[in-house]
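Starting off with a structure, shown below.
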Amino acid sequence: MRSLSRIAFAMILLSGFTLLTSLRLKTQKVIFFGDSITQAAVKPGGYIVRMKEALTQKGLASDYELIGAGIGGNKVYDLYLRMEDDVLAQNPDIVFIYIGVNDVWHKTLYGTGTDIDKFDKFYTAIINDFLDKHIRLILCTPAVIGERTDFTNQQDGDMNAYSQVIRNLAQKFHCGLVDLREIFHNYELANNPGNKESGILTVDKVHLNDAGNQLVAEKMLETLLNK
Amino acid sequence: MRSLSRIAFAMILLSGFTLLTSLRLKTQKVIFFGDSITQAAVKPGGYIVRMKEALTQKGLASDYELIGAGIGGNKVYDLYLRMEDDVLAQNPDIVFIYIGVNDVWHKTLYGTGTDIDKFDKFYTAIINDFLDKHIRLILCTPAVIGERTDFTNQQDGDMNAYSQVIRNLAQKFHCGLVDLREIFHNYELANNPGNKESGILTVDKVHLNDAGNQLVAEKMLETLLNK
Amino acid sequence: MRSLSRIAFAMILLSGFTLLTSLRLKTQKVIFFGDSITQAAVKPGGYIVRMKEALTQKGLASDYELIGAGIGGNKVYDLYLRMEDDVLAQNPDIVFIYIGVNDVWHKTLYGTGTDIDKFDKFYTAIINDFLDKHIRLILCTPAVIGERTDFTNQQDGDMNAYSQVIRNLAQKFHCGLVDLREIFHNYELANNPGNKESGILTVDKVHLNDAGNQLVAEKMLETLLNK
Amino acid sequence: MRSLSRIAFAMILLSGFTLLTSLRLKTQKVIFFGDSITQAAVKPGGYIVRMKEALTQKGLASDYELIGAGIGGNKVYDLYLRMEDDVLAQNPDIVFIYIGVNDVWHKTLYGTGTDIDKFDKFYTAIINDFLDKHIRLILCTPAVIGERTDFTNQQDGDMNAYSQVIRNLAQKFHCGLVDLREIFHNYELANNPGNKESGILTVDKVHLNDAGNQLVAEKMLETLLNK
């Protein structure tokens, strides 16, 4: 009985090791689901490219496959409409949702922004569908429309309010959170003494410059690896 | 054999008659799915109340059950979100969809109108879900935001464009159509020589007065009974 | 010679006294130039009525004539268009300018808000015309559109930015300043722990309740008497 | 006496001839006061350049000096603010005012369009100042934001309404009128059978292509020469 139990013990160890190995070897598919900021992130210098480079440096290149799924002008409605085709069809393990700028911005730009209650409802519907598939979700708050630090950017009120909706959703559904709104604000307080509208982390008040892409890449990677 | 065939024939006749009777006796459940215009339609003088009265006069009161499902401020997104709870759960036989005013109006009123491409997509999603349940659909174009006849009402361009989307959907999916946009325009050409903004068919450029409710009731009833 | 000089001395004293008396007796005409908030200020409980009551209590009722010149919906353009008829024609000694809410709010409400550069230019034109007539000017920043304290009110970005324009103008042209934006924010931080949208100083996010009228009256009076 | 009267008669004739000559030789200074459409009109192929070429062909090159005074993004408020420096300071004989597109468009684009009543008032103020200087005025209605012929362009309602304001002003103040709104609509009905949004007279729904510049040049020249 003893020898038998030893063999059983060895087998359990072995199967556990195999399981661990297979877990380590299984490449995690990560999709970044968002708007033009994410669309640009797969270009040289973009935040997804920078994340890949950082993973390579850490020897984790084969652990994660990073896929961009950003389309310019997208709002939460657009993500809802295309999540089946553009995300779920690819069977991702992890999804970053990075949306909200156009939901706020299009109010003044086209008159077709998103009511805050419907931002909540459609975002919730997306989360529910992803969680049904046991996908690990990491939500991002929209960073900035204008980099001034004294809350005089036209959309600051809404940007703060819609970011709060996302923080609440992350908490409610136990999702990861990359709070870019807060991260950017703290960075600006330290690095934008002239209260400039753009040029610190963005090229045009919204889209990321090199420093912006680097900051987003670092914070997303931190959250990705911090399981 | 002969007597048997006669009996069989009589039974077929009888069952056919029973079927006919049950068809005639089966009350059709009709839901009006819309915004504040439809919300007001169940009040005295409202277009749903007028339709009920007209059905009673025609001796058809027991053939149709008319149910209002209008909520003020609704856009196509809202109908999409609540169609399951507020319409499908009631198992209707027929649904009138009367939406579009707020999709256009909220562009200027709140900055949260509906992009025309998304108006099309979410309207299509609603139609698809209803047709899956074999519900008879009757679509209505939004009538007016302002009653001036010379296309100088601020939202006339969009009202014409969004109405065209609905006409195309009605044709594509073989739905019924009550083209209130055209019906109102023709009525105004005949009855609004002073080019007034309101007071002919509406109380406030949008919501129906008695004449407006009567006109909508007549045209909807015509389409309902014209199978 | 002595008696003559005494008489002369007495006459000088007398004329000086007369001068002083006439200075004290000259009633200062004060016009409050603004929008619906100022239009409501002449009603019972309004901030102008409260200022009158406070002046009476201080025995200064005859020193100041307070006149409301507020019209609902006014933006800086409207003040510019009607300043001749509604203010200058009355030869005021002192003018409070209290404008800005609609310049910001009408962006989302009607699509006809005021560009910030034109807000500056037309406000400057008004100031120049008033200073040409040697009128003492006291500028007020717009208080709030929404009372939440964490800068999540939709218009907070613009409200902060347009207030800054007014602060700069007050400094540049050496006008008085009642910085209602800051005054309200500090009051809310102390008295709105629940981060409510309205009900602390306003009835509806914009228009003043009793506490709001009282606060405005106190701060305006302080600035008026603090020459 | 006879010879004297003959000399006098000859002198009168002569002076009359001199007067006529000087009238014919006096170059008329014509300023085109407007927005980006007029700013582009001084470039090769632009409508002002085309008018100069047409005047040269007619041998009238020395009769008219054509000067562009268009600035991109201008609304009626901007014309009002810069009319002194940019137009009156140049002592023009004739001014074309061609404004209105941005007054309508900026409603949806920035939320800072022009209320129709203020469009009327500030336009009137400009006309009054120009007429005080005995300048011949020719008003132009804004042509198009979108070239579709069935009034489904988003801004058609406002474009029609604001054009009507300009027509009324032209009539009231006895100014010339180039009704580009109507001219373009008629041209589109004949030349845009596919109901296209752009490409017939514009490159982008608003700014003129070659055909558009040619049409505007012809119609403006016609009005300029038709005293």
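Lettered A, B, C and D in written order, each chain numbered from 1.
Simple rule for what comes next: contacts are C-beta pairs under 8 Å (C-beta built on N, C-alpha and C of every residue); 3 or more make two chains touch, one makes a residue touch a chain.
All figures in this text were calculated on a predicted structure; none of them were measured in a lab.
Following the contact convention of this document, A, D is the list of chains adjacent to both chain B and chain C. At the interface between chain A and chain C, two copies of one sequence, more than half of the residue numbers in use are shared by both copies.
Across the assembly, the mean Cα position most removed from that of chain B is the one of C.
Here the CA centre of chain A is 53 Å from the CA centre of chain D.
Each chain gets one centre point, the mean of its Cα atoms, and the points for chain B and chain D are 48 Å apart. Averaged C-alpha coordinates put the centre of chain C at 42 Å from the centre of chain D. The residues of chain B that reach two or more other chains are 107-108, 110-111, listed in rising order. Only residues 108-111 of chain C touch chain B when the two sit together in their complex. Remark: chain B residues 107-108, 111, 146, 150-161, 164 touch chain D in the complex. Interface residues of chain A facing chain B in the complex, by the touch rule stated above, are 77-78, 81, 106-108, 110-115, 118, 121-122.
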